[in-house]
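Chain naming follows the written order as A, B, C and D, and within any one chain the residues start at number 1.
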Amino acid sequence: MARLPRKNDPASIRARQEALGLDGEVTALDLEPWARAAESVTGVAVIPVSVAQLRVSLGEYELDEDGAVVETGRAEEEVTVPLAHTEGGLTASVHRGAKAVAESGGFRTYVIHDRITRASCFVCKSAGEALELARWVEGEVDAMRSWLREAGIPELSTRARLREVKTHVVGPMCHVLWRWTTGDAVGPNMMTRNSYALNMGYVMPRAPVRPERAILEANMGGDKKPSYEYFQHGHGKTVIAETTLTEEAVRRVLRTTIDDLLDLSWAGTHGSVASGMQSVAFTPASAVAAVFAATGQDLGMVGTSSMAHGVGRRVDGGLHVSIRFPGLEVGTVGGGTTLPYARTWLALMGCAGSGKVYRFAQLVAAAALALEISASAAMATAGSENFFRAHHERGGLR
Amino acid sequence: MARLPRKNDPASIRARQEALGLDGEVTALDLEPWARAAESVTGVAVIPVSVAQLRVSLGEYELDEDGAVVETGRAEEEVTVPLAHTEGGLTASVHRGAKAVAESGGFRTYVIHDRITRASCFVCKSAGEALELARWVEGEVDAMRSWLREAGIPELSTRARLREVKTHVVGPMCHVLWRWTTGDAVGPNMMTRNSYALNMGYVMPRAPVRPERAILEANMGGDKKPSYEYFQHGHGKTVIAETTLTEEAVRRVLRTTIDDLLDLSWAGTHGSVASGMQSVAFTPASAVAAVFAATGQDLGMVGTSSMAHGVGRRVDGGLHVSIRFPGLEVGTVGGGTTLPYARTWLALMGCAGSGKVYRFAQLVAAAALALEISASAAMATAGSENFFRAHHERGGLR
Amino acid sequence: MARLPRKNDPASIRARQEALGLDGEVTALDLEPWARAAESVTGVAVIPVSVAQLRVSLGEYELDEDGAVVETGRAEEEVTVPLAHTEGGLTASVHRGAKAVAESGGFRTYVIHDRITRASCFVCKSAGEALELARWVEGEVDAMRSWLREAGIPELSTRARLREVKTHVVGPMCHVLWRWTTGDAVGPNMMTRNSYALNMGYVMPRAPVRPERAILEANMGGDKKPSYEYFQHGHGKTVIAETTLTEEAVRRVLRTTIDDLLDLSWAGTHGSVASGMQSVAFTPASAVAAVFAATGQDLGMVGTSSMAHGVGRRVDGGLHVSIRFPGLEVGTVGGGTTLPYARTWLALMGCAGSGKVYRFAQLVAAAALALEISASAAMATAGSENFFRAHHERGGLR
Amino acid sequence: MARLPRKNDPASIRARQEALGLDGEVTALDLEPWARAAESVTGVAVIPVSVAQLRVSLGEYELDEDGAVVETGRAEEEVTVPLAHTEGGLTASVHRGAKAVAESGGFRTYVIHDRITRASCFVCKSAGEALELARWVEGEVDAMRSWLREAGIPELSTRARLREVKTHVVGPMCHVLWRWTTGDAVGPNMMTRNSYALNMGYVMPRAPVRPERAILEANMGGDKKPSYEYFQHGHGKTVIAETTLTEEAVRRVLRTTIDDLLDLSWAGTHGSVASGMQSVAFTPASAVAAVFAATGQDLGMVGTSSMAHGVGRRVDGGLHVSIRFPGLEVGTVGGGTTLPYARTWLALMGCAGSGKVYRFAQLVAAAALALEISASAAMATAGSENFFRAHHERGGLR
């Protein structure tokens, strides 16, 4: 086949469509809004969006000067969350979980940490030199922050702020984990630009040793591959969602019992360990992916953003359940969030634009917990009959 | 807010749209085609689809009677792959990697294994009883296969075929990993139905011990959470893609050198280990998510399907690079694949419908390897300058 | 310093002792019994051995023709276990745990699997060739078994029997996991010799592709480094020990409650997950190391043999507790087991010599479970006061 | 069997020996020196100790006020290291590796971090309360340090100094990682006492929320079970040993080539990843266990102390090899180190008593690297023939 044209002007687009024999639905929409979003844009994919209502106590948060996430307020709201997917039963399950929670007093969500990391690697001649470099880098952080502010390099992002630096020396490699906050954007490009500037404009000219090579990222940064480092320390927003389900809601809405749910949690936790999972949870990726797809998030981050640790425990008043997401890589500005459709679905939740990212992160966590609760309840019934029924009756398309 | 109606008839859909104040683009399409794909469908999300051309030697495969994947033919083709995403630079990077590979003789891809697992758990009174159950289950596999064929239970899927059973006893739990092939579908619902039938219709009535509880899935099954069990043994299609890049293609197309790529591979592999990643690779999830979003795959499976092990090595003739995907959870029938848009993008690759799933799995792997090559090359330049440039210039939307 | 002589004749030994200024206790024993156990033997280390009594129902096991472990009998015994260590409180804790178990009816132990693996790696020119090699190797297993029996190579061990072969292709590497049983010995040397013979005498001359390099072991074999592969599938003897503690024994002997123990188990399991542990247990390595040091086992295998999965659950009659050791690398013949002191301590348990290895593996597991129970009970008291007290009062030497 | 007496007075010891039918070698030594080291001491185990000479550039280190490890000097020495084991070939292999290194200029070793952790867990009513507790704890660290100094509680260790506190909230649990330095002792008992005091004397009376339960350790502390948390951040002394092997030494002493060693390193690193190992190394546990057994270290810590990350790379002048031990749990005072035999072997290295622990940690790392080098070289020969030969000829006892 001849090489296709690459540009996104209407003629090139049409030439590609014709060469590939594409017409009908996938080419019916005007592609102009996405002309700058990707190269060789040729058509569209459409995913249906369903909605679910959540009752949730949301924290309001700000970053303080040191980059700590500080709660400045809290309010209970009912929010409608968009879910883009074609998995029969998923939205119904979120509904059911959300209903049980609403009858139990609602979700409570917390943002507890906010960092994203670009991990560069300086290859030195020896471990001794790499250690010398590491000590020097750790002592230069204040000076680096000033330099970033004052260097006047046009490529620099002013929204990405360097917060801490962690070094890790292994062999002759000095890995440098640059830790950033990036405002309401996820921030991979911002921190890439600023980390590159630090590496080439600050470290390489000034370092007390001469590294043989600077690599912008050498797999300690947590990009799109789950890792223990970020299961623990977070990559994006670290969020916890919780609720205490009443006996009544468990029985009437979820059609199971607290004992059955605890037995499932016990078996599932040990099953996770036995199969070498890092996450302990049920199906957080289903909810994360559905909200991400509706709101223009990076779908390549579904795996990392779905790292989760779910916990259940009997307490006075019922069953306490919660889920910890160490790194929700979400944004409300930048990337796909400003494009058509995505911006509408973000707006539906009151999450479009600046100052909304912590709100959005909490809603993702709450939606996921709703699904965890309902899916677990179906699985906890005798023989997991209700899980089977849901898949048999709702999942007909699969 | 009042509770929204849940149905997908036109009046209910319109009522939801009005209650939520939705109009314009997200409600412009007729939702009827998705009325059975999810509950409470209320609008659409649209993602632009770009395309990239791959030159690839694809194997043709069949399952033999024992469920082994057997290669029956092989042909070199040029295939155009759809990529649904809004990450500036991603498609250009796939282009560049694919070009370097085409000039080096093309990709070669292999399907080496095909299994999907539902892991049920029988909670017994003691480890001794769980061990007795495990031994019994392992001896009943042939009988279970007959029973599945002959039971005449309408809920059973005939396409899901039980291949092996693995038991894992820990504490009083007997986890039973039911391993299936599911034809051209991913198969979670099929195997859910059949596993439920085995648990409740075969095991519970006949078992030599009386389990206190049967749980259909207790987290040893690999659903949507990466795990070592399936990083090793596969969950979906296990596929390898490889190529040997010539010196010339590395220099002229990728603008780096083999030595630089090997240095990056070395540093990145040790960085993966140092950060507790299971995968060793660069950014496979970006490509996997882009193809999945275009073709109606389950986006909640992006994380598990992106588990990958990439390797590079200097050989006669250049640089051998390859990537192993232990579990691509892909389908060409069922689920979202039969819906509008998705079916067109699958058809573009010659992957719509029955008999196409191994072809499709190979193309996902080849597209991912194209991106791995190009992104690695950008990162391998001095200071990773080209990676920085690509993100600075192409990634403006983020 | 001058280079020391290396031999183990009396004159060389004495020359080393004098050159190093060693006399007194460490040189008082005649070293002749160990002259063949290591090079440059110069003195001794002495570790005190304490003892604890266990009431345990031990299975009798044989390997069947296919290498499956089959239980042929079972008897309850009281066995005295030697513990070589200097950790104040450890033996007292084993006593206490064993007493609680004895009052609850004793331990029950099971051997469920027996394999040890040498994982060779054949580096090929491409993944395609590596896959071809893998398929061929898998088809040759019967022929390889015959060849091992009939080759008449003097270096071969006849006690190491090849049971299965698993291949794993990644990049151009074909890893071949040779799985052996090795009788009553741990077997690393036996299987090293036989695997080398297979690699160089069978595979390399006959393979349908010509590997560039055969490596006897390339880190898929599980030697002395914990790994998920063997946490799951076992490296050595896979053993489970269990008991059901009565309420009375928990209260009176362990001075805590079942609820408190369950709370600890719940928190500790989630703590394991949160810190990225593979094992879920309390302190199995303490018991494993103590028995290993007394009985001439390889102390470099303490880490791998201590991989463990402990589980607790309330059942009728009390608290069911158990521990699964996937790979106890133990022997009752060969290696250090035949040397002075070690052989006496093995004999104390009725575990010296042939036919005793499964018995010995069970006793290690039971001793470890005794310690798990008692240490957990101390930790489960309010504020873990009893754990603190035990360390404060008994641990004075530390 | 009747219950044995438990005490360590001569009559009780003798009664146990007679009841168990023990005499001869295991009862020949006077047990009085170990009467306080364990309960129910009944005999001894003896392990032969061999020796190996290392040429090593050792750093001198001090802790500064903030607990950072600071290098204050460096000197090259030749040190003789004791190895207690019965693995034929091991000492010869350390010899050979050490010789190749000596001819290449010697080892260089570095201590880069020193912390040990006790991770307590406060179980609260909700995640919200656990978060409130976590924030409060993090703000009290200075006050806690003062309290520890001034509380006048007799159980407190003054040598264990609280350095940092890290909190981790999951579910209603607030895990608190108390990070200590403990002087020249390993320190588990010291930090247990001080952490208990903090939990019960400081946190519980003053906390802004009322935890339901305080657990002294809930498996985030890294005790005797390898974990990613401490593979990264260290538990004990973090040490790197390195050397650059000359071509000449590789060829003449190690009888292989740099290319062969690099090929092995490449295959072995990918084998580690493929088998789900956390460590990337060859056989560090063999050396760690041998030095630990000779010097009275806690053998239950062999697994955790052997976590290691080894790296090789071609540099000007030869092959750079190094190994990083994140957490060597070693002491030169306290525990078994003050007992007979152990103190002599520590003294042989100039490592007995106060001020010696960093020296000792470096020597453990250097001995382990010597073994890594030699064992790798044997494995890197064609077909790994030399590895096979060493095991065949030296390993006869096994």
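The criterion applied here is as follows: contacts are C-beta pairs under 8 Å (C-beta built on N, C-alpha and C of every residue); 3 or more make two chains touch, one makes a residue touch a chain.
Please read all numbers here as calculations on a predicted model, not as lab measurements.
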Required steps from subunit A to subunit C (each step between touching chains, minimum): 1
Pair joined by the larger number of C-beta contacts - A-D, B-D: A-D
Subunit A and subunit B, separation of their C-alpha mean positions in angstrom: 19
Centroid distance [mean C-alpha coordinates] between subunit D and subunit A, Å: 37
Subunit B-subunit D separation of Cα centroids, rounded to whole Å: 41
Per-residue multi-chain contacts in subunit C, two or more chains: 168, 170-171, 173, 228-229, 231-232, 269-270, 272, 274-276, 278, 280, 309, 311, 313
Subunit B - residues contacting subunit C, complex: 108, 110, 112, 125-128, 131, 168-173, 228-229, 232, 240, 242, 244, 276, 309-313, 315-316, 320, 322, 324
Residue ranges of subunit C in contact with subunit A within the complex: 228, 231-232, 266, 269-270, 272-276, 278, 280, 309, 311, 313
